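In what follows, a single structure is set out as structure tokens and then discussed.
Naming follows writing order (A, B, C and D), and every chain is counted from residue 1.
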Amino acid sequence: MTNNSIKKIGVLTSGGDAPGMNAALRAVVRACKYYNISSIGIRQGYEGLIQNDMIDLGPRSVKNIINQGGTILKTARSEEFRTKEGRQKAYDNLLQNEIDALVIIGGDGSFTGANIFHQEFNVPFIGVPGTIDNDIFGTDFTIGYDTALNTVTEAIDKLRDTATSHDRVFFVEVMGRDAGFIALNSGIASGAQDILIPEQKDSVEELCESLERSEETGKKSSIVVIAEGEQLGGVYEIAKEVKKRHPEYDIRVTVLGHIQRGGSPSCHDRVLASRLGIAAVEGLLENKTNLMAGIRSNKIVFTPIEEAIKKHNEIDAELIKVANILAI
Amino acid sequence: MTNNSIKKIGVLTSGGDAPGMNAALRAVVRACKYYNISSIGIRQGYEGLIQNDMIDLGPRSVKNIINQGGTILKTARSEEFRTKEGRQKAYDNLLQNEIDALVIIGGDGSFTGANIFHQEFNVPFIGVPGTIDNDIFGTDFTIGYDTALNTVTEAIDKLRDTATSHDRVFFVEVMGRDAGFIALNSGIASGAQDILIPEQKDSVEELCESLERSEETGKKSSIVVIAEGEQLGGVYEIAKEVKKRHPEYDIRVTVLGHIQRGGSPSCHDRVLASRLGIAAVEGLLENKTNLMAGIRSNKIVFTPIEEAIKKHNEIDAELIKVANILAI
Amino acid sequence: MTNNSIKKIGVLTSGGDAPGMNAALRAVVRACKYYNISSIGIRQGYEGLIQNDMIDLGPRSVKNIINQGGTILKTARSEEFRTKEGRQKAYDNLLQNEIDALVIIGGDGSFTGANIFHQEFNVPFIGVPGTIDNDIFGTDFTIGYDTALNTVTEAIDKLRDTATSHDRVFFVEVMGRDAGFIALNSGIASGAQDILIPEQKDSVEELCESLERSEETGKKSSIVVIAEGEQLGGVYEIAKEVKKRHPEYDIRVTVLGHIQRGGSPSCHDRVLASRLGIAAVEGLLENKTNLMAGIRSNKIVFTPIEEAIKKHNEIDAELIKVANILAI
Amino acid sequence: MTNNSIKKIGVLTSGGDAPGMNAALRAVVRACKYYNISSIGIRQGYEGLIQNDMIDLGPRSVKNIINQGGTILKTARSEEFRTKEGRQKAYDNLLQNEIDALVIIGGDGSFTGANIFHQEFNVPFIGVPGTIDNDIFGTDFTIGYDTALNTVTEAIDKLRDTATSHDRVFFVEVMGRDAGFIALNSGIASGAQDILIPEQKDSVEELCESLERSEETGKKSSIVVIAEGEQLGGVYEIAKEVKKRHPEYDIRVTVLGHIQRGGSPSCHDRVLASRLGIAAVEGLLENKTNLMAGIRSNKIVFTPIEEAIKKHNEIDAELIKVANILAI
């Protein structure tokens, strides 16, 4: 790696926070040190680029953060970065701080911003997929996804104690506006009777049939996991509709909400984030740009950023079948 | 302990489930064995007494349940037990099963039922306080309370990751319709800026002042913990009112809900439940009745059941002051 | 799937227990139901086959076990199954119970036994890789591995609190007699200064150099993660040798031991186990045999059992480099 | 509280670290602010007093530490503070930093040091009991004890998965050199067959009898919890002796070690630490000195430091009986 042109890398976290973002940041900073270049942290995502809110980072600045949820650089949505003027300010600050390249830790919205910025000002960048939703093309796992799955699964384990003790039906809403990965996997892991995801057309009738079948086989309590983005009008509406058809069901609704975004990252997320953070720095030093670093089949791969933004990981039909078989 | 009249004890769990109920049940069953009497489990609370839904229990029937949330006997609310006829059926089933005394694991509603039943049919019973709310007089801690506190505290720790990363204000609703114990203690433990409980008159103005003070001292994110039973109209209403006054706040609402009732009990709850379950059996064998077994200053104490029902543990003024000092 | 010859599948867990074995068992039983065949559980691994210790299993027999560590079928090492006579008894019992095929949940020792049994008696079987060590060829992950990684990582997080507070060096031994997967991944995830694994030649000198470098960069405490199977004589011996060279170090040794095998499985392990259990049944119904079901690049794959036994997953050089970069 | 003489309080953590020390520190600092006095943190326990290693602390310096194990001030044993010269240096530094009084967070060794220092130089101080061992007189609970109990209980839950799956006997060593509180309570909570503590004379014969009784009742696996300080020669020796008498037992030994000291504090420990930290500051402002702040029957109490050092909480005979009844 003998790219002499990159002497300083700026790193920021953008979009919704995800467990493991700190681990990725730490890896970026230590990889910079390893390859004898400087690193600087940009606070509040693109907003910090515009406001010139930055901090020099060395290997010791990122100690004891690998196990922390959230992001010490903070994150924010920046309206100003959506304007040409905002991006010009950002570029001026990059020049002023002698930043030669960027590592963008975030989701597809963040990558879109970086891509436009690159087209206008030709700033090299590599994206690192940090989002619990796992909906980014070009990587088998996004950073934070595994931790969120465990958080959801542990929460539903708790709900099941009550569901079983009271013979209740619990409808649990989990995150996932556009993607059902969290719902489908946590649903399988927590023995859900049914799972509703945005990628599938479901109906209240089918849901009721599933619950009825479940009753017939002797199950007295059930968990139904519902992704935010399912298409039947929301968890409360669904509960109401089922209650109409089955007034005898003792139904409870739980919206897991923001606890899914936080928490100390799992081992898997820490290792993934560490690998991708290093890969991003190495990629930039090899003159790569406009790419996202990801993991596929346990190998580092780089995907053109536009592909990462436009394409989407698809729900595997096998998993849906698994869910059905297990709900028997 | 030479009471020859009690040869068989029936045990049931009633009301909302709480972590540690299984540990209490296990202790009742093993204490019976230890004192050479029989034990029988009554399913679904008082409903099982009426339906004659019972199961013989021995020391091995309760193995590997000390660490499980919920209750293997299940719990239910029984409308029929509120009627004279229902209680007559229950009594007939007691006679038929040769049950000489009852251990009632539950909250004050369950104790009220037992008390009426005793007045009518003179069945000896001792109550064991199992509820996460800690609102029962006669014991320093109810079974499940400590576990619920840890569940809430860990959940808010996760929310704080996001609150800090995004500079947000989180309003978190926790359980406690009549009592603020969970809110006050978990609020202190999770560094809440303000805590709203049923026992105190609060106003949106005071809450806003607290948040403003917090901002002035340089805090950029805040957690506000709100008990279900506070008197300002609910967490969503409060959030709306604060947003009106401070449109610049980035506010999020989380209702923790039923996850607070479940989960593997903490060490404290398992030991407490074990002690109280044994104490209940020993009490019955010593001809005690109409009492609740509790712990005060780490000693077993028995409180007349009517006192346990009517009186309430009061929030300690010291704790409220602690919360205020820490929010500085 | 129209194989009429298989009407009943026997399932057993063998070798060391691993979190997720119950989830795999549950999936086998429910898949059998789904495909309208019978399933029977064999207790204590091959020993139960010899002792005819079996239990009929239906979909409700395996309820509420997906979240439990260990294996409800129990596991044991069977000396008798290593003899021809033992295997003859096992075969007789298979015939007597009308078992047409086996699902073997375990590690390579268990697969070797199944393979010999198949050669002698032509009993169709498919293996499901259940072991925390992740050292089985033919799958990206073994069942239990992800949970063990989280257990180790959380334990080292706790040790780090003390290491940091006291400026100490902790030497932590983790499982892995032949494979360094647990050590390498948990070491990266917990910010270890050095990681010793069986696959690499290490020396006390290199370890000391790493610790000295760490000191020079200002680190005051360090974690060294050591796999059971490293080649320097064991964690106590290594600690002694380092202490000789650096009497000023405040060194502590912790052997994590068997806590690594237990615990409620992670979401990842539950889903993996569910998929593989179903795949095993489907494979048998498609007349597959002598194979191991695994996951590669998130797809179900079947590997000839002899390959699964003989080959081994290799440590990725990239991960070793990641560990070195992060320890800077 | 109108003591004008105290304008600045120094706070240090000393002895072994315990979860909740940071929460206590945070409370001290915020209480100082609340009462309009200054606070200064002394690093590395008494060593920092001697080395003049101190740091000014304000309310924001202690943000986001309430949930962290260990102590951000670090802790150390100071040989020099045991000498008159060392203590003279410490006193000189107190004067130089205008520290009027001390809060000592630690165990009885730390309190002994403070007591001697006070006798020599008349520096007001109040102790806060921070140790996982719960062996300090004058408080129902020490800071860190509840968290350690949960850590041990969760670890043994994991061991039980393997014990049950393999029909094994596990001997688990837990912390407690002089006191059996951790062993006794975690043993009860994890369903131990026997518990060996320093306060009781036990014999290998009695232990074997207990294990034999357990077998006779149909238990196939057992957990024995052993405090570090039991009097039979250590967990490995005990295991050897039992194995001699029962070669058929499949015995495993686990030494839980330092994981017991770390981890995020439980809700109980955070609230306890917060209350005691505030009480210590309020005590000093009321001219109290040479006392330890503690909780008894849920009320703040102050105990003369010499009493706190010399007396010891005793194991409750009721708990020992509880353990015996449950092991039936």
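Operating definition for what follows: contacts are C-beta pairs under 8 Å (C-beta built on N, C-alpha and C of every residue); 3 or more make two chains touch, one makes a residue touch a chain.
The chain list, named the UniProt way, goes like this: A, B, C, D = ATP-dependent 6-phosphofructokinase.
Just so it is clear, the model here is predicted, and its values are computed rather than measured.
Asks: Comparing A-C against A-B, which pair counts more contacting C-beta pairs?
Replies: Counting C-beta pairs in contact, A-C comes out ahead.
Asks: Find the geometric centre of each of subunit A and subunit B from their Cα atoms only, then give the gap between the two centres in Å, rounded to an integer.
Replies: 36
Asks: What whole-Å value do you get for the distance between subunit A and subunit C if each is reduced to the mean of its CA atoms?
Replies: 28
Asks: Any chance you could list the residues of subunit A touching two or more other chains?
Replies: Answer for subunit A, listing residues that touch two or more other chains: 157, 160, 164.
Asks: So that we know how the chains sit together, what is the shape of their touch graph: line, ring, star, complete or other?
Replies: Chain contacts: single closed ring, each chain with exactly two partners.
Asks: When you check every pair of chains, which ones turn out to touch?
Replies: A-B, A-C, B-D, C-D
Asks: Which bits of subunit A are touching subunit C when the two form their complex?
Replies: Counting only subunit A, the residues touching subunit C are 26-27, 30-31, 33-34, 59-60, 63-64, 66-67, 140, 146, 149-150, 152-154, 157, 160, 164, 185-186, 188-191, 217-219, 264, 266-268, 270-271, 274-275, 278, 296-300, 316, 318-319, 321-322, 325-326, 328.
Asks: Considering the complex alone, what residue numbers of subunit A touch subunit B?
Replies: 13, 17, 19, 68-71, 74-76, 151, 155, 157-162, 164-167, 170, 252, 254-259, 261-263
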